[in-house]
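These notes open a run of structures that come right after.
Look at the two complexes coming up: chain A is in both, with chain B in one and chain C in the other.
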Partner chain A sequence: MAEDVKPTRKNLMEIEDRIELSERGHDTLEQKRDGLIMEFMDILDQAQDVRAGLNEDYERAQRTINMARAMEGDVAVRGAAAALKEHPEITTQSKNIMGVVVPQIESSRVKKSLDQRGYGLLGTSARIDEAAEAYEQLLESIILAAEVETAMKKMLEEIETTKRRVNALEFKVLPDLYDNKEYIEQKLEEQEREEIFRLKKIKAKKEEEEKEQEEAEKAAAKEPETVVADD
Partner chain B sequence: MSAAGSSNPEYVNARVRARRGALYSDEEYRKLVRMGPAEIARFMEESEYETEINALGARYSGVDLIEYALNRNLAKQFDDILDWADGRLYDLIARYLRKFDAWNVKTVLRGLYSDLDRQAIEDDLIRAGEFDERLVNRLLEAGSIEEAVDLLDRTMFGDALAEAYEDYEDTGVLVPLENAVDRAFYENLLDGLVVDEATQQYREFLRAEIDFRNARNALRLARSGAEIDPSEYYIEGGKLFRAAELSTLAQNADELVSRIRESSYGDDLSAAIDELERADSLIRFERALEAALLEYSDTLGYVFPLSVTPIISYILAKEREVENIRAIARGREAGLDADEIEDELVIL
Partner chain C sequence: MSQEIAVVGSPDFTTGFRLAGVRKFENVPEEEKDERLDDAVERTLADDDVGIVVMHDGDLDHLSRNVRQAVETSIEPTLVTLGGGAGSGGLREQIKRAIGIDLMEEDNE
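Moving on, here comes the complex of A and B:
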């Protein structure tokens, strides 16, 4: 990896910038992860309570419908259910928890009064009322559980993503950047040393040449002058 | 056979006495609560319910087979009684059995309301009332609630349904129509009833049924907290409440309970009222009311042996048998143990 980088001063500066940015990002992501975990723990407690309530409501609803079917007959229970007109509705909105978009589910027409259930009062019994009421309660619990558990799953996914990013920065990106930085620094130092050595060599060579030239000049000056005779 | 001709209580009572002997005994109930649904169906096949179990066995299974067989047998038994009865006796029996006509009308209306197919509606009918096959078939073929209401024009439900239809159109819910049907049935129970020594007790029984129904509804309204005028659900003919009183009493459940305790039903219902106050359970109170009615109806059978009362007593006992077997089968299917089921049964 480090060998792929050109050991230039420009690259070194770029890598130093990236290291600074990655360290800042790492700290921020670590803080985000810890914050998300704290939020998740709160939601987890809530989800556990909601789930326990949901199980209880389900048991109760099953028991009341079984009793109503046993005592009033399946036909009577189905008949009372068929009289229902206003079916429950849900609308979903979203809210933001530390950057995670989680659903907020609003339900309407789930809990109904005796006159809104559609069946006549004179020909039915309290068992059917109780079964209807238990199922309305169960439906409310299901809607609440859907909201809380979806929020929990989304938070968990976000925690996982953030954790992966923190780990990637901590164990991959930053070590690679440090390796690259070290590699470039070493290379640059080496280049510097080579340069110095080279300059020293050139200097020595130059000095030698100068010395040789000087000696040659000296030798020339020592030779006797020769007069050339005129014809 | 019809309301015409002279009354024939001797003949009908003789036939009914034989049928009464075929009802399940306590011993048989004790066996049934320990059986699973398939064993119960097998047990029924070896008794009075053989024809129905065999006829429906190919279409249904498990507890559904039991429930449909029970309903069909009940319809056949009551249809036979109406076939045997003549004159005034027929009128007295038909008064009570019209509750199945009310049931069938409500079933058809609910089926049409929720767009069920004809077969699904027909399966849920209990043909034990006075409606003839032709009327029931025409009702099943009705394409809309309006058409069904028109078809019932000449029955005892006609006026009440026509009046409630406007409400239904305004609100879009079945409540006004269902209440109109039930109210027509209850108000017809005592309408024009000639009371003599033999029918005195029958009238008392019908009054008790109306009183108990009013008490149950008032308590349900008081507990639900819904903004409904209780007088809308008041049925005339009882002796325990008046319409105006019920409106006030439904606001205060405690006052309503003490009123029932102080009434002539107080002794019979003291256990039920205690249960209601202690466990705060309307269901247990309702069951105690049913037990009190059944106990009362049982005494009907012995006072005037050659009147309508033993026949009504048998009708109630048969209804209770059907309800008990269904409760056992559904209870076993739901995994209730024998003690829990026995606790829920109303057996004399």
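Moving on, here comes the complex of A and C:
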């Protein structure tokens, strides 16, 4: 690439400007990357807690529904499940962490009281209620986990792109620019040396010519008649 | 914008969530998962009303490569897997790739 640029002073100045800009960008991006990783570590701790809670809730929910199935029969459980009228809803808002937009999920109508569930109280037993409650609890954990894990995914994506940019600047853009700068500087110095050499040559030639002329004049002064006769 | 939660999995897995009021679900019987799970997941991902997809961690193995990658990296809707460790749902791999260290190692020991 170094040979692609024209070795002119203007290009050199342009490249110096670009180097300055790239270095500033590189520093800023590096800081951004480190900041993002620090934020990510915070979220990671949170995510691990949420995950642990989620697994616990899942196991409990499974236990209670298996109990309900065993005691009431599969059909009763499914029947109750099909009767649900209230449905949980989630609304997402966004929050900005260092330029990364992460969602904040809010849920409504996850936890329901007995009469809100919609299956008849007489036809079902307390075990089904328990199972429903356990799953409602599980859903809440899932919503929390979804929020944290989406934030993590988004942060990871941003970290990856930032890292790539930092590396591209550090290992590709800046070295190329430095190569070009070096190349132009060398070329310009070379041109300067050539110029000086050329000037010296011209000076030497001029002096020689002057000498010759002087000699010719001297010779002409010695025998002016010959010159006139020549004319 | 209000969205809903969707559950994809075997009937046993989805029943409990329906008991908690989840309306969107895809039932795929255990023995047909290899053939039908891909379609079910794609349908769920394409649904704009779905904000969170809940699946069992083991079911991800039944998905084809493309669908698995799509669902693991999807942010809208987000995938939450149950029954796996902390690094499930492709998160662990992504952390390894982005940070360069396996931060979730100690959880699986």
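Assume the second predicted complex is superposed on the first by the 221 of 231 C-alpha atoms of A that agree within 3 Å, B and C clash if a C-alpha of one lies under 4 Å from a C-alpha of the other, contacts with A are read in each partner's own complex, and residues count from 1 in each chain.
In the analysis below, a residue touches a chain if its C-beta (ideal position, glycine included) is under 8 Å from a C-beta of that chain, and two chains touch if they have at least 3 such contacts.
Model, not experiment: these values are computed from the prediction.
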{"item": "When chain B and chain C are modelled together on chain A, clash or fit", "value": "fit"}
{"item": "First, second, both or neither for A:Lys163, with chain B first and chain C second", "value": "second"}
{"item": "First, second, both or neither for A:Ile37, with chain B first and chain C second", "value": "second"}
{"item": "Partner chain in contact with A:Lys10 - chain B first, chain C second, else both or neither", "value": "neither"}
{"item": "Partner chain(s) touched by A:Lys218 [first = chain B, second = chain C, both, neither]", "value": "neither"}
{"item": "Chain B versus chain C as contact partner of A:Ala145, first or second or both or neither", "value": "second"}
{"item": "Residues of chain A touched, compared between chain B and chain C (which is higher)", "value": "C"}
{"item": "Contacts of A:Arg78 with chain B and chain C, given as first, second, both or neither", "value": "both"}
{"item": "First (chain B), second (chain C), both or neither touched by A:Ala126", "value": "first"}
{"item": "Three-chain overlay, vertex chain A: chain B-chain C angle, C-alpha, nearest 10 degrees", "value": "20"}
{"item": "After superposition on chain A, the shortest CA separation from chain B to chain C (Å)", "value": "10"}
{"item": "Interface residues of chain A shared between complexes with chain B and chain C", "value": "62, 78, 82, 86"}
{"item": "Residue numbers on chain C that touch chain A, as the complex places them", "value": "1-5, 15-23, 51-52, 54, 73, 75, 78, 80, 82-83, 85-86, 89, 91, 94-95, 97-99, 103-104, 107"}
{"item": "In the complex with chain C, residue positions of chain A that touch it", "value": "37, 40, 44, 47-48, 51-52, 54-55, 58, 61-62, 65, 77-78, 80-82, 84, 86-92, 103, 105, 108-110, 112, 117, 128, 131-132, 134-136, 138-139, 142-143, 145-146, 149-150, 152-154, 156-157, 159-160, 163"}
{"item": "Chain B - residues contacting chain A, complex", "value": "63-64, 67, 71, 102-103, 106-107, 110-111, 113-114, 116, 124, 172-175, 177-179, 181-183, 186, 213, 216-217, 219-221, 224-228, 233, 235, 282-283, 285-287, 323, 326-327, 329-331, 333-334, 336, 344"}
{"item": "For the chain A and chain B complex, residues of the former touching the latter", "value": "62-63, 66-67, 69-71, 73-75, 78-79, 82-83, 85-86, 113-116, 118-123, 125-127, 129-130"}
